[in-house]
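Would you mind keeping the following structure in view while I ask a few things?
Labels for the chains are A, B, C, D and E, by order of writing; each one numbers its residues from 1.
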Amino acid sequence: MGLRVQAALAGRGFAVELDVADGEQVAVLGPNGSGKSTLLGILAGTLRPDHGRATLDDTVLFDLDARPHRWRPPHARGVALLAQEALLFPHLSVLDNVAFGPRVAGRSRSESRALAERWLDEVDAIEFAGRRPGQLSGGQAQRVAIARALAAEPRLLLLDEPMAALDISVAPLLRRVLRRVLAGRTTMIVTHDLMDALLLSERMIVLEQGGVVEAGPTGAVLQHPRAHFTAHIAGLNLVTGVLDHGAVRDPSGALLSGVRPDADGLAEGEPAAAAFSPADVSIHAAPPGGSPRNVWDATVTELEPRGDLIRVRADDRHGHVLAADVTPQSVAELDLYPGREVTCAVKAAAVTIYPI
Amino acid sequence: MGLRVQAALAGRGFAVELDVADGEQVAVLGPNGSGKSTLLGILAGTLRPDHGRATLDDTVLFDLDARPHRWRPPHARGVALLAQEALLFPHLSVLDNVAFGPRVAGRSRSESRALAERWLDEVDAIEFAGRRPGQLSGGQAQRVAIARALAAEPRLLLLDEPMAALDISVAPLLRRVLRRVLAGRTTMIVTHDLMDALLLSERMIVLEQGGVVEAGPTGAVLQHPRAHFTAHIAGLNLVTGVLDHGAVRDPSGALLSGVRPDADGLAEGEPAAAAFSPADVSIHAAPPGGSPRNVWDATVTELEPRGDLIRVRADDRHGHVLAADVTPQSVAELDLYPGREVTCAVKAAAVTIYPI
Amino acid sequence: SSPSPGGTDAKAVTVYAAASMKTTFTALGKSFESSHPGVTVTFNFAGSQTLAEQITQGAPADAFASANDANMKTVTDAGLASGDAKLYATNQLTIAVPPDNPAKIGAFADLAKPGIKLVVCAPAVPCGAATVKVEQATGVTLKPVSEEQAVTDVLSKVQAREADAGLVYKTDVKSAGDTVKGIDFPESAKAINNNSIVALTKGPQAALGQQFVDLVLSAEGQKVLADAGFGKPAA
Amino acid sequence: MSTTEANPAPASRTGGRADYSGLPRWLYVPAAAGALFVLLPLVAMVLRMDWTRFGELITSESSVAALELSLRTSVSATLACLVLGVPLALALARRHFPGRDLVRSIVLLPLVLPPVVGGIALLYTFGRRGLLGGTLDVLGIPVAFTTTAVVIAQTFVALPFLVVSLEGTLRTVGQRYELVAATLGARPSTVLRRVTLPLLLPGLASATVLSFARALGEFGATVTFAGSLQGVTRTLPLEIYLQRVDDPDAAIALSLVLVGVAVVVMLVTNRISQRALTWA
Amino acid sequence: MSTTEANPAPASRTGGRADYSGLPRWLYVPAAAGALFVLLPLVAMVLRMDWTRFGELITSESSVAALELSLRTSVSATLACLVLGVPLALALARRHFPGRDLVRSIVLLPLVLPPVVGGIALLYTFGRRGLLGGTLDVLGIPVAFTTTAVVIAQTFVALPFLVVSLEGTLRTVGQRYELVAATLGARPSTVLRRVTLPLLLPGLASATVLSFARALGEFGATVTFAGSLQGVTRTLPLEIYLQRVDDPDAAIALSLVLVGVAVVVMLVTNRISQRALTWA
């Protein structure tokens, strides 16, 4: 049961095959243009793949490999799509927006409204029931849109960056609401945000260039990323290469020492990855003495705020870009600016090595 | 010289008085609706205050206290306004967009284009000169808009959240460009972002509810904030109250111990503030033993991602909201969720006390 | 733009004439031009009512040919005419039917038969006034499906075979060629329509206007009119 | 201890612009000239009117019959325009099909065709000997010289107005809400009824008024195609034309009635569509 | 070691929607009916035409004179509409002044006024005995019954088309770019010339075509106000009206010429405005 898709759309270089179990929440991550919205459009029925087949529970959403083709139109799929913009119907009250799904499914007006009230209550938005969508703030509107999507009782709920348009101050609230209402519902959430993946999903899929490059339980994927995008999202520096005397040697020949917490059977010369957090990277004006085993000379290329810290990106001579998180005070003390030559260091104890 | 404004607009509860020195960059911060855009609109001449007076160098921008009123229309002010959206003229090429200012100022076509090329070069956008604005990405368009504003040779440059609409990945690049080209130019930058204030401005003004609540050198204001908004932006927890035996006692009676790095003449009972970073707050499932002097029981209300860390907000029984930054791993280990009862602690050594 | 229509240095005479005069006056205009070298004749053909309205509003006309007495009176009463208007042609109603006469109309009384789609002019316009007179004289009450605004509207409906019959002027049938067939009826003599013409005083070429009037009244003019089916005015 | 939350209400991001119109002052000269150019003829008409006779003139039997017929036919024609024009505008705005530009140009043609020629063309189509005339006759639907013909003529000239202005609105509104409705389970007919049409309302109102106004003023095609019989086909413009011969005052009085009806309809619609716009 | 950058190119955020039109299938029935309703009369006209005589008919001296006059006057009227209508539309769209709704309604009135009545009103205004007639006479500018009168009549009926469609476009475009231009130092006239008008271009093109088409087809006001003098005031529609009875074929041939001119103008403009729209 659940969702089973296999679809290709040549015009966008898209070819994906995946399953979602009944009641499971899956986060879909990937860089811009990797095909996340394309996947959702194909499932919702607003986009038609060249070939492929999708089933949701026992319903065939489409089967373009069969003769004749089967194509179920959007309104008959039981798939609700919630995009970045709430897109509440401006001519209907909040209550009637939420009652829209039940109404078009054939329920009576009063029954639909009762349902709508229940769902508005569920997303903490019952107080807005009588308002027009134009009178809501962005976060309120997005909550109502969630209620509207859920009230339609979709068998599959698709969320396309539901939090992207929101002020940072309302995102946590919406995340809490989603966490509560999504429990037990088959859901795919497109997101750029690690937090959504962590809090809202059980499994995670990473797309790159129209294909699935990583899939698995969210925690496991984040801890041991295989793709650079995943490492980036997880906020980790990643080096891939082969095992060489307990360290990872990458194609440029650089060697990275680390620890192997899992007593795995990784043998010399086998493919391995080394990951470490930018928070564990220290920056020095001159080479540090003492313990750190991994040290590089590099040139600062970018400074970028990350919460209250500043992420420094530095480029070593081998084309590696290293990320380090430091406090604004350190930036000032070390006089960091793009072009500054620095030394970066990370202790081997902070580097995890695992097979890929 | 420089800019000198004093203006009030009753309809928006706006009343501000401030100076900007010639060639100085000032960051304007403040919560939504605090009047930042109103201030810029009044300076650009798109909004007319009820009364007040503004001079830029030796030009009177407006003087509504004089009889008869003086009002210089937008095009005669030498004030360029760059908003969140680039708003490049869609019917002109990138080059002609940038040449617009010089052209309308009366320069010849070839002279204007030469100037435009110089400015495009300055913002690293010379390669787009022949394109239409529709063919640029958001970050590229914003850089061209900066070149266009600068090519008009404004005596005052107003930037209204120039980075807000941009992808996180292009903001650092644009920030670097701005830092370079703004040097020595009288500029006001509205921003929500600490980073912009730190990197792009020398002084900082904080507006709240239409009035100036804080003003001074950027670093000083951020280190010793007086207003809660400033503390929030600076990523600090702030308690204001009076000095009581070397600690700060707030109106609820809670006492916060800290250090006084400046040997100031602060006397018992005088107004004082205590500030500390969320990074210095630790969270425990049970009361910790050992050194921390400041310990509270509180209830987790929100979890919110801040870069790679997670900001936990917790509410103690006295209506204080405390922010603490912890790693995702800690969130998982401590099983933090909204509603969880925890103990928060901060060492006195991490708390700075100063007079306000 | 030149105030005298039709040319800049050459003289131009402007004649306002009822639309029914289009064919005949155009021919006479050619003849006038050949006998008056350097002179062009320009016509404004429209309903007499429209023309009278335009003339009293100051239109630069040199001569006015009206298809009824009332509109001529409007102009002469306004003191715009040089002398009295002269009757120069009469016109009589006839029944116009499609060439194959599908409704088998033979006489005026047939027009009142049920099921016949008859169109006539509205009583307010000259041909309609004439129709009313004939009805009164014959005691036949017509039941038209439409009372048209102009005689041309009646004719075009018969041409389009939309109507089985229409009451129009004899000259209209003649100028419409073989697209319609005319069925004369004696009762039409009860409603003779008078065409009168007069030179105008305020026109830019009043003298030439008078000469055109003279041409219309001359033997040559009368022949052209007779050939087109107009009747001779009673003396 | 507390950290102040940034206010979550999304305020207007660029502030008001009430104090900048950006129009050069000389522009008001041609603008006023344009308004006067239209206004003066109306004033001239009002000045020429003999107001003591106004009431009597507009309440004569033939005038009342014409007004009543005009309102009846114009409303019917407007309804016909809605029934034919709304789907046509939707198809032109939402479907990409070959020859769409050509179809659009053809639909606009009645704008350029002199109404009299339009009337002739309608005769050739719906007349007894016309393209469809035979069929209609067999079906026992007489068209020429009936009130139906008036409605057809008015619809023919008014339809382009509705289609043109509605297509523009449709493109502005876009298709996003319709997609949302579909994923909520609404079938296309439901989407049309519950989303597309309600969202279209303000534009639809002004498009409807434009076509109603054009139908109300229609003269040439009606007189050519439908004829002119009191109470059946003689609409107000035809009555005005006829009255002009006997009694120019009556013609002007009736014209002013026409103008009055139009102004009232436009002002009311303006109000409606502005109210509806508040949620756009 | 490296961390992959997310691709900075801002891609389309919601993906394509090529595969959803959202129109219920039954809708195509009235849409096709609407298109046919307009198309059939044109087809009927083409079918009735005696094509062997077509060339001869449209090249007769009077036809050529009428066509030439029609093009000349319609172009002039369109220019007049632009000169008066663009400022009027700008003022209506950008200034809030008391009575704006009323001004807008009045400007729309020529839409509803039967053209013949419009012609009478124009006579009352610009005729020698009219409101302005005396003044114009003294100034030595005769208006009525000259080619100028034709242009005035055409402008009167065509102006509302331009104003209505332009005002809509102006509201859609908004004022943001004008504000930017002002802060870059452009005075209002410069803003108008270098920003407002270029941005308006696509809408302006279709508005201009609408008013050109209306001017080209104008009949009633012209015949009443300007008269029907060959080469001076007898435009193509008047020529068609005169030819209609004597030689219906000639009338149809000329009508088809009119239709042809209109279709060509519309298709060309469609192309232009779509090209211009690529940067919107």
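Quick note on the criterion: contacts are C-beta pairs under 8 Å (C-beta built on N, C-alpha and C of every residue); 3 or more make two chains touch, one makes a residue touch a chain.
The shown structure was predicted, so the numbers you read here are calculated from the model rather than taken from an experiment.
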Labels of chains that are neighbours to subunit A and to subunit E: B, D
Selected interface, C-D versus B-E, where C-beta contact pairs are more numerous: B-E
Taking each chain's C-alpha mean as its centre, the one farthest from subunit A: C
Computed distance of Cα centres, subunit C from subunit A, in Å: 86
Intercentroid distance (Cα basis), subunit B paired with subunit A, Å: 29
Chain centre separation (subunit C, subunit E; CA means) in Å: 36
Centre-to-centre distance between subunit D and subunit A (centres being mean Cα positions), rounded to whole Å: 51
Multi-partner residues of subunit B (each touching 2 or more other chains): 32, 45-46, 74, 167-168
Contacts with two or more other chains, residues of subunit E listed in rising order: 5-6, 8-10, 14, 17, 20, 120, 130, 176, 179, 182, 187-188, 191, 244, 248
Subunit C residues counted as touching two or more neighbouring chains: 53, 156
Residues on subunit D engaged by subunit C in the complex (per definition of touch): 120, 123-124, 127-129, 144-145, 223-224, 226-230, 233-234, 238, 241-246, 248
List of subunit E residues in touch with subunit D within their complex: 14, 17, 20-31, 33-35, 37-45, 47-48, 83-88, 90-91, 94-95, 101-118, 120-122, 124-125, 130-132, 155-156, 159-160, 163-165, 168, 172, 175-176, 178-179, 182, 187-189, 191-192, 196, 210, 213-214, 216-220, 236-237, 240-241, 244, 248, 251-252, 255, 258-259, 261-263, 266-267, 270
Residue ranges of subunit C in contact with subunit E within the complex: 1, 3, 5-6, 14, 16, 19, 22-23, 42-46, 50, 53-54, 56-60, 152, 155-156, 159, 172, 175-177, 179
Contacting residues of subunit A [partner subunit B, same complex]: 32, 167-168, 171-173, 175-176, 193-195, 198-199, 235, 277-279, 302-311, 325, 328, 332, 338
Touching residues on subunit C, where the partner in the complex is subunit D: 49, 53, 117, 119, 122, 124-125, 144-149, 153, 156-157, 160-162
